[in-house]
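Both complexes below contain chain A, partnered by chain B and then by chain C.
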Partner chain A sequence: MNPGKIFLAAFLVNNIILMRFIGLCPFFGVSTSVNTSIGMSAAVLFVMLLAAWVSWILYHAILLPLGLVFLRTAVFILVIATLVQFVEMFLKRYVRHLYSAMGIYLPLITTNCAILAVTFFNIDYKFNILQGTVFALGTALGFALAIILFSAIRERLEDAPISPAFKGYPIAFIGAALVSLAFMGFTALFGIS
Partner chain B sequence: MKKDKPSRLSYLTSGIIKENPILILMIGLCPTLATTVSARDGLGMGLAASFVLISSNVVISAVRKLVPDSVRIPIFIVIISTFVTIIDYLMQAYQPGLYRVLGVFVPLIVVNCIILGRAEAFASKHGIVDSFLDGLGKSIGFTLVLFIMGALRELFGNGTIFGQPALPSFYRATPMLFALLPPGAFFLIGILKALVNKTALSGGKKK
Partner chain C sequence: MDWTIVFKSLTLLGGLGLFLALILFIAARKLSIKVDEREAQIRAVLPGANCGACGYPGCDGYAAAVAGGKAALNACSVGGAQVTAEISRIMGQEVEAKEAQVAVLICRGGKNEAPQRFQYRGAEDCRQAALLLGGPKACIYGCVGLGHCVKVCPVGAIQMGENRLPVIDEKTCIGCGRCVRECPKGTLMLIPRSKLVYLACVSRDRGKAVKDVCSVGCIACGLCARVCPVAALKMERNLPVMDFAKCIDCGICVHRCPTHSFVDRAPGRPKASINPRCNGCGECVKVCQFKAIEGEPGKQHRVIPEKCIGCGQCISVCPVKAIDLVGALGHAVKTV
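Right after this comes the complex of A and B.
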């Protein structure tokens, strides 16, 4: 598959949140304002690319030659957890302004299933490292698009008159259903399924 | 009067309704929405996650005194991912059809917040029997919601339950496909959560 198609598929057609239902916890958890959504998206983009590279290299250089493929789940989740800690320490020490922008979102990312899912997809789809990078980039930008669009809607919902039973999560789910319905319009865009 | 220690039975029952992981605590949403296209898929996913939750709860509770506090999270993750790998390979071998449908969501059980949450909040502080009961109760609550979601989506979207015709044939000829698509899943859980809120609100008024 060519990189352009991989990017569009990950970005719009198979949007990680709205079409694949991966990464819903941060989607509902931090989408209460546009600013936090942008911070979270930046952190996801950063860690997702790093995780995609590190896991791809580990899998092809160590797990596959040694026949340890069954350790994949354990290795990937530990690598991501360590990586997040390491990135947090590195940013805190050397890149202060980046740390202040996305520092508080980094610990949350360890349990963000979107990151782990991308490392699995890269293996399952037999991507090479360039395709894997493009896929991770598209997925992270798709995550950002969905969460930022959605947080703008939620900011307006705050003041809307809503029946008490629907306040909070239920109306957020209904809103997500409508955004997801809009994304269904991208199905089969440029023949991508 | 001194409050009694919560009874063992309450560990089991609280997870089913009062502290239902999905509808009350709102965690573990990804598999709830993604894998509930039919009653069978929802039930299968629920049972797979239940196996991991109960086993890891028991093992973590058994080793809780040996684990140094500062590295407990990585150790919990290793224990959980061991059980995830076991169920992953078991399903590939014995339920290949179901495994193909659930796909990446089986290995993703490892980042299900319910499991790490129970390990951290309960199993690392309580005995083996209590942790088993807690895991069992939360598993029943989780599986129940997945099953209800799966059954409703299959009923509306396909007119069947477990593949058996459940609605008249004129409905099955033109079913409400919306229920099977991703927006339908968001919509249905929104309605379910609103019903739960409604029950909680009217229950509060009576007192």
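Right after this comes the complex of A and C.
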């Protein structure tokens, strides 16, 4: 598959949140304001790329030759969690402004399902490392698109006259469902699976 | 069954776990940054409300700024004198504490006093309503009454009253000033906690223009500025401006104001009382603005309790010290 197609598929057609319904916890938890969702998106982009590379190398260099493919969930979680913690410490020490921009979001998404899902998709779709990188990039930007769009909607919802029974998460879920329906229009284009 | 696969899995996971733990252990040692220990100490004495009154994003931010020598030691208005003293002890510097403040609403025009120009059906938010022709209230200066301050108060000290005006609980208010900064109309103000009297109107109009839209609005007559015994009030652009450093909380402006635009925070005030030492000189009768003292020259005068407001002006002019105030001045709670 060519990288452009993979990118578009991950970004729009198979959007990780709105089409695959993976990574919903940060999607609802951090989307209350546009500023926090931008910080979260930056952290996701960063961690997702790192995770994609590390997991791909681990899988092809260690798990596959040893025949221990079934251990991938445990190994990936272990390695990604350690890596993110290490990177957090590194940024705190050497790249202070980057740390203050997205530092608090890094530990939140260490073992997030969206991150793990990307590493598995990379293996299941038999991507090489370039395709995997493009896929992770597209997925992370798709995540950013969804969460930033949605946080703007939620900022508007905050001041809208909503009946008390629907205020907060109920109306957010209904809103998310409608946005998801809109994204389903992209399925007609193409997709990966 | 094949035991080698079990052995291999255990070795891989265990080895990987140990290896990564070692990496993190070394990294934590090598990459740790020295945190100024004063920062943690300062953070411990701060109130922890994260209200932003100091201008920093929270108590952590302020503690770091103080320890780094970038912030003033007395910027935490919430903690007041006690916290300032603690911080100056930690930093080893002497700093004068700022007086604790309290937020007050400087608009008295609720739905009964100030009519609406139109019915507002938009989002229940002061800022949006205020953008629409200055808000639905006929007085374009006054409180919109949709409770943005209620939402932003970090300690829940503001409630919406029945009159569609926010009511501030002075005991809960920490004086951070967030409501003051957020109010789109500027109808909230911080005043020193010890001060009892303030003007509750922000209308820059005068006379009939105010009367038409609000029954308790300041009409800029300037009477308060003329009657103030210490000249603490000065008329500026159709509003009396209070100099809190001069104000003695006598309450004369509160009672002389024809539109009742001033608010007296004192729950109760004392009354003057004249004892038999009085020689009937009549100085007190001259100074009393409320005609609350009567009597014939040369005989003991008496106070008319219904008229006396307890301002205490007569005490200072009495040559024989025959006047006392009876009943304690009900100061509002000074500290939280």
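Definition applied: the second predicted complex is superposed on the first by the 188 of 193 C-alpha atoms of A that agree within 3 Å, B and C clash if a C-alpha of one lies under 4 Å from a C-alpha of the other, contacts with A are read in each partner's own complex, and residues count from 1 in each chain.
Methods note: contacts are C-beta pairs under 8 Å (C-beta built on N, C-alpha and C of every residue); 3 or more make two chains touch, one makes a residue touch a chain.
The model shown is predicted, which means the values in this text are computed figures rather than measured ones.
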Overlaying on chain A: chain B and chain C, fit or clash?
fit
For A:T73 in the superposed arrangement: first (chain B), second (chain C), both or neither?
first
Calculate the angle at chain A, using C-alpha centres, between the directions toward chain B and chain C; round to the nearest 10 degrees.
90
Thinking of the overlay built on chain A, is A:L189 touched by chain B (first), by chain C (second), by both, or by neither?
neither
May I ask you to decide whether A:M89 touches chain B, chain C, both, or neither, giving the answer as first, second, both or neither?
second
Which partner does A:L181 contact after superposing on A: first (chain B), second (chain C), both, neither?
first
Who does A:P170 touch here: chain B (first), chain C (second), both, or neither?
first
Between chain B and chain C, pick out the one touching the greater number of residues of chain A.
B
When the two structures are overlaid on chain A, which partner does A:I57 contact: first (chain B), second (chain C), both, or neither?
neither
Where does A:F28 make contact in the superposed view: on chain B (first), on chain C (second), on both, or on neither?
first
Partner chain in contact with A:M1 - chain B first, chain C second, else both or neither:
neither
CA minimum distance (chain B, chain C), superposed complexes, angstrom:
9
Chain A residues contacting chain B in one complex and chain C in the other 71, 74, 78
Sort out for me which residues of chain A touch chain B in the complex.
18-25, 28, 70-74, 77-78, 81, 111-113, 116-117, 120-121, 124, 164-174, 176-178, 180-181, 184
Listed in rising order, the residues of chain B that touch chain A in the complex are 26-27, 29-30, 33-34, 73-74, 77-78, 81-82, 84-85, 88-89, 104, 107-108, 110-113, 116, 181-187, 189-191, 193-195, 197-198, 201
Which residues, counting only chain C, touch chain A once they are in their complex?
5, 8-9, 12-13, 16-17, 20, 23-24, 27-28, 31-33, 123-125, 128
Complex contacts: residues of chain A adjacent to chain C:
62, 66-68, 71, 74-75, 78-79, 82, 85-86, 89-90, 92-93, 159-161
